[in-house]
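See the structures that follow.
Across the two complexes that follow, chain A remains constant while its partner is chain B and subsequently chain C.
What follows is the complex of A and B.
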C-alpha cells in the first residue's frame, strides 16, 4: 500500500511538474512570438556608465528583419560620437552555421568580415550581449514557473530558464535566467542573469515599453552588470514596425554605401 | 591643378545647391611628432582642420567632399600652411549599378596592413602618420559596381592618370670616384594609353567570402636606373626613376569560425621583366598573406599574419655580377624569397582607454616596423592619441634604412 501511494504521489508530482513546465513554456512562447512583426527600424541611444559614474553616449540607426523563423538580419550605422559616425555593422544570423558579421569602416570604404567573441560577447562595448539583443530562441532553454510576483505594480509570471544544452551555456555565458513576464500583455519587465557558476551577473530592468503597430516592444531598458558595477541604458526612438524594408538594406552593397 | 580645383569648387557649389540634405562634419586636431633619434627634434608641431561635406540629391545620388587645412609651425617655407583636397566624389545609384566618380580611395584586400591586391591608391612613405589621408594618396577614378548577378558583384575601376608612390630617395653625394646625380623621374605620358584599370569579382561559397581581381597599370614603386656618364669633365653616376606597367592577378578570402577569422590574400605580379634579365625592373613575383584573427574576449583582439614574396626568374649570381661590373651597390639587391610576419593586438583597457600594437617583422634580416597607439577618450568626440611609428633593424635592411624616420606622436583630436 505504502509503495502504491508513493508511486501515485510521484506520478501526480510528475504530471503537475509537466503541466507547470508546459505552462512556463507556453508563457515564454507567447512572450517571444507575440505580435507578427517582420521588420523594424528605429534609432537607439546607449548610455554606458562605469563604476565611477562616467558616461559615454552612443547613437545608432538600426534596422532589423526576420529572414526566417529563427534567423534575422540586422544593419546598424553609428550616428554618434562623431569620430565613429558612418561606421556600419551588418549581422546575418544563421541557424546552423556561424553568423556573418561585417564591419564597414568609412575612412577606408572597406568592409571587413569579423569574427565574433561569441553571442555572449558584448554588443558595442555595452552590458548587453549580442544574445540579449537578439531574439531568444525558444528551444534554447527549459522553462519552469516559479510563481507570481509584482513588478512595478504589475502581476508577473516568474519563470526560471535553464539552458537546454551545455552549448547554450558556452554560447551565452549564462547558467540560468529568471524572467518576470507581465501577465496581461506578456512583456518581460525584468530579468536576472546568472553566470555558469551560479553567481548573479546581470540585472535587466525594462523602464519603458510601447505598443507599436499592435506589437509590444521594450523601448527603454537598463542592464546592470553587478559583478563589474557597470551599466548600460538603452533607449529606442522612432521605432517603426513592418514597413517592408527592402532586402537590399541588409546587403554588403548597402552597407558600403555608408549612408 | 588650379583648374581642377576651380572646377571641383564649382561642381561642389552646384551640388550643394541641389542637395536635399547636407551634413557638415570633420575634425580638428593639434599634434606633435617628435623624432625618436637624437637630438629628438620635433618633425611636426601642427594643427589641422578637416571639413567634410556630404549630401544626398534624391535617392539616386549623393556627394562627398573633404578638404584639409594644415598649419605646421616647424616648416618655414610656403608649405607651412597647406590647403588640399582629400576625397571629392559623386555617387550615383541605379538598380543594378553603383557609380562613384571623383578623387577617391579604393582599397582592396581582406588581410590587414599588407594587401597584395591593393594597387589602386599610392602610398606616401614620407608621411606614415595617424590619418589615412597622411599616408595614402587619393586618385581620380571612376568606379562601377555592377550587381547583375546577386551573388557575383563585379567592380570595375578606371584610373585615367598614373600617380606614383612618394618615397624618400637618398643617395650618397659620391660613389667611389663618381659624383652621384639624380635625374628628374620619368613619368608616363598623361594619355589614354597610360590609364590604369582594375576589375574584381566577389562571391561567397560555403561561408567563405572570396574575390578574384585583376589590375593593369603601373608599378607604383619606381625602377631605379643608373648609368655612368663620361661626357662631363667629372664622370658621374646618373640615377633616374622610371615606371613600368604590370599586370596583377589577385585572389583573397575570409571566413569565420567561432572566435576565429581565417583570411588570405595573394597576387601574382607579371612585370615587364618577364625573363628576369633586367636588374632595374622588378621580376615577376608572387606575394601572399595568410592570417588569423582571434577574439578571445570582448576586450582583446589578436591578429597574426604570415607574409611571403617569391621572385620568379631570379638569378642571384647574375644579379650580383651585373651590379659589381656596373658599380651598382649590392645593398639594395633584392632576394629570391622574402618572409615577414605581422601581428596586431588590440586591447580595450577600459571604456575610455584602448591600446593597439601593430608590428611587421622581416626575416632573416630581423628588421621591423612597430606602431603602438594608445587612445584615451577624454569625452565623447574628444580623443588623445599617443604612440609612435618605429623602424628598427640593420642599416641595410628594409625597415632599418628608415630608422631616422622613427617618430612618436601625441595628438588631441576633436571630431564633429
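What follows is the complex of A and C.
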C-alpha cells in the first residue's frame, strides 16, 4: 500500500514537472515570437559606463531585418563621436557558420572584414554580447518555471533557462539565465546571467518598453556586468517597424557608400 | 618630585592595581593593531612622486602586478602550454585580479588584405606540433612587447597578474602563491613583483616579531639575573619592560598607527631602553639596603637620589627618538613618536611601579648583610689609572680612529630598494633575481601623458611623441620592456596596410590613403581604387575604435583612460638599485625637456617612489642628526644649568657618530630608510653615558682638584655606565637576527654606537677634562 502510494506520488510529481516545463517553454515561445516584425529602423544611444563612472557615448543609426526565421542582418552607422562619424558596421548572422562582420573605416575608405569573436564576444565593446542582441534562439535553452514575482509592480513569470547543450555554454559563456517575463504582455523585464562557474555575471534591467505598430519593443535597457563593474545603457529612439527596407541596404556597397 | 615619590610609597597598592588594570586594557586593544609592510605607503602624501602615483591610481585601474614565471625543459610542449593556459584562465577569474597578461591569452592583432582580427592568441591549449608551430609564429610576430611574457632564452613563460587598486597586494599575493602551490604543476614557478615582496616583508616582520622580541626578553632576564640574583630583581624591571611595550603598542592600535617596516622594531628598541632605569634603581636599593630596616625608607632615599638622573636620561632618549619626526617618511616619524611615548611610559613606571612594589616588599635578609667588590669595578679602577698616565696615547688613538672614519664617508651609498633588504639566499630575493635576469623587469617607471581634453591622446602629434619616448626608453640600459598605446596603433596601421612593415608607424598629420570608391558603370556598381587625403587623427581614432569593437570595454584601460585624455607609458626595469634608477630618471627627464615642449609628461612608478624615499632619507638624516644634537645639548644645558656642560655632553656623541658613518662606508652598509634611524637613536640613548660621567665629575670637583676629580668620577661612574651600555647595546644587537639586512645593519650600528659613545664618555671626556680643566663646579 505504502509503496503503491509512493509510486503514485512520484508519477504525479513527474507529470506536474512536465506540465510546468511545458508551460515555461510556452511562455518563452510567446515572448520570443510575439512580434511579427520583418524589419526595423531607428537610432540607438549607447552609453558605456566604467567602474569609475566615466562614460563613453555613442550614437548610432541602425537598421535590422529578419533574413530567415533564425538569422537577421544589421547595419549600423556611427553618428557620434565626431572622429568616428561615418564608421559603418554590417553584421550578417548565420545559423550554422560564423557570423559575417564588416567594418567600414571612412578614413581608410575601405571595408575590412572583422574576424568573429564568437557570439559570446562583446557587441561593439559593450556589456551586451552579440548573442544578447542577436535574435534569441528558443531551442538553445531548456526552461522551467520558478514561480511568479513582481518587477516594478508588474506580475512576472520567473523562468530558469538552462543550456540545452554544452556547446551553448561555450558559445555564450552563460551557465544559466533567469528571466522575469511580464505576464500580460510577455515582455522580459529583467534577466540575470550567470557564468559557467555559476557566479552571477550580468544583470539586464529593461527600463522602457513601447508598443510600436502592434509589437512590444524593449526601448531602454541597462546591462550591468557585476563582475567587472561596468555597465551599458542602450536607448532606442524613433523606432519604425516594417518599412520594407530593401535588401541591398545590407550589402558591403551600401555599407561603404551609404546609398 | 619628592612629593610624588612619597605619594607613590604611601599609596603603593593603589598604584600597582591601577597600572595592572590599565595594562590589561591596553593588552586587549592590541588585537586591533594593523600591519602595513609596504615601504612606499609611508611616503608623505604631498611629495610629487607620491601625488602622481596616487593620481595614476585614480586614472588607471591597476598599477601593481605580480610576475609569475613558469619554467620547464620546453615551455612549447603540449603539457607545458596546457598548464600555462589553465593557470592563466584560473588567475583571470580571481576576484582581486584586474587582468592577466600571459603568453596564452594576449590579444593579437592579425590581418590579411581584406580583413583584420583582434583576438586572444589561443582558444584552447594547442596539442599537435602544427598547432604549436602556428602558435609560436603568432606569438613572436605580434609586434607587442612580450619581454615579460617569454624569457630571453624562451625557457620560461611569464604571467603578469595585475591587481585591482582597492585590494591589499600582500593578501592577494598570499592567495596567488597558495593557489599555485596546491596545483602541483610540473613546471617550476617563481614569483616576484612589488606585491610579492611586500608579502614576504610582512612575513619576515611577523617572524622577527615572534623571534626577536622573546629573544630580547630572554636577554633582559639573563642580564637581570646576573646583576641581582633574585626574583624581584628580575620581576620588577621585567614588568616595566613588558608593560611599557604593551601600553605603547596598545596606544598605537587605538590611534590606528600600523606596525610597519620601521615600527616593527619598536618593541625591541623600547625593551632594551626601558630596562635601564630599573637596573639603576634596584642597584641603588641593594647598596642602600645594607644594614637598613624599613624597605619604605630605603626606597624613599633611593628615589630622592635617582628621580633626577632617571628623568634626564629618559627625556634625552625620548628627544632623540622624537627628532626622527623631521623625516617626512611617515613610518619613521611614527617609530620616533611612539618609542618616545614608550620611553616616557617606562620612566613613569620606573618612578612609580618599582618604588611602590619595593615599598610593599620586605628587604631580603641576604641584602642587609651583603657587601661586594666586583671584578668590573677593579677593571674600571685599573683602566682609570692607565688612562690618567697615558692620556696622550689615548688621544692619538682617538684622533687616528676619527681620521680613518672620515675617510670612509665618501664610500657610503644610498640604497632604498626592497630587494636589497632581503638576504641573498631568501626565496623572495632568489626569485626576484632569477626573474629579473631573464625577463623584461618588474620595477616600473610610468610616464603619464596628461591631456587637456577628451581624445587628446588620439592626435598624431601626441601619439608620435608617446612612440618616440617609448623608443628612447627601450634603448636605455636595464629597461627590458616598454608598453604603451602606440604599440597598438602601429600594429593596426601595419596590419591594415597588408602587413607592410613600412606602416609600422604612427600616421602623420595628413595621410594619403589608397582606398576604394563605388562607381556606377554601365548601370552596374563597381569598386575602383582611388587615393584620398585623410587627417591622421581620424585614422588613429578609427583604428582605436576598430580595436575597441573587437574587444571588451576595458581592454586598453591600463594604457589609456576611458576618453583618451590621459595615457601612460610603462617601462619595465630589471634592477632596483638607486644608481641605475637615478640615471634613468635623469636621462628620461632631459629627453622629455629637449623633445616635447608642449606635452605634459610626468614620471612616476615604483622606481620614482624609491628615488623619492632616497631623497627623504638624505634630508631626513641630515636634519634629524642636527636637531637631535641641538635638542640634546639644549635639554642637558637646562638640566645642568650650563650651556658649556650641554655642549660637553655632545662630544662623545660626535665621536660615536663619526665612527658609525665611517664604519658604514668601510663595511659597505647602505644608508637607507632603516639605517638612517641609527644616528638619532644613538644620540638620544648615547648621551646618557656622558650625562652620568659629567654629573659625577661636577660632584667630585666640589672637594677635589681637577685630576683627582677626573679619576674619582671615572672609578665611581664608570661601572654603571659600562653595565648600562652593555645592556642596551646587547638589546639592540638582538636586531642582528632579523630577517632583513637593513634591520640587521641597524642593530649592529646602534650596538656599536652604544659602545663608542660609552667609550667616548669614559675616555674622551676624562682626557679632555685633564687638558682643559673645565670649571663646572656645582654647589
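Simple rule for what comes next: the second predicted complex is superposed on the first by the 257 of 259 C-alpha atoms of A that agree within 3 Å, B and C clash if a C-alpha of one lies under 4 Å from a C-alpha of the other, contacts with A are read in each partner's own complex, and residues count from 1 in each chain.
To be clear about the criterion, a residue touches a chain if its C-beta (ideal position, glycine included) is under 8 Å from a C-beta of that chain, and two chains touch if they have at least 3 such contacts.
Everything numeric here is computed off the predicted structure, so don't read it as measured data.
With the two structures aligned on chain A, chain B clashes with chain C. Legend: residue contacts after superposition of the two complexes on their common chain; A:80 is shown touching chain B, with no touch to chain C. By the touch criterion defined above, A:100 reaches chain B but does not reach chain C. After overlaying the two complexes on the shared chain, residue contacts for A:50 are found with chain B and with chain C alike.
Contacts of A:109 after superposition: both chain B and chain C are touched.
In the superposed pair of complexes, A:253 makes contact with chain B and with chain C alike. Shared-chain residue A:89: touches chain C; no touch with chain B. In the superposed model, A:127 lies in contact with chain C only, and not with chain B.
Once both structures are placed on chain A, chain A residues 48, 50, 54, 56, 81, 83, 107-110, 112-115, 117, 121-122, 125, 230, 253, 257 are touched by chain B and, in the other complex, by chain C. The residues of chain A lying in touch with chain C in their complex are 48, 50-52, 54-56, 81, 83-84, 87, 89, 103, 105-115, 117, 121-122, 124-127, 197, 228, 230, 232, 253, 256-257. Residue ranges of chain C in contact with chain A, taken from their complex: 58, 61, 93, 111, 114-119, 455, 458, 496, 513, 515-518, 525, 527, 530, 532, 534-535, 537-539, 541-542, 545-546, 548-555, 557, 561-563.
Every residue of chain B that touches chain A in the complex is listed here, in rising order: 25, 27, 54, 56, 62, 91, 93, 98, 104-107, 110, 132, 145, 147, 153, 207, 209, 254-261, 263, 293-298, 348, 350-352, 377, 380-381, 383, 413, 415-416.
On the side of chain A, the complex with chain B involves touching residues 48, 50, 54, 56-57, 80-83, 85, 97-98, 100-101, 107-110, 112-118, 121-122, 125, 230, 252-253, 257, 259.
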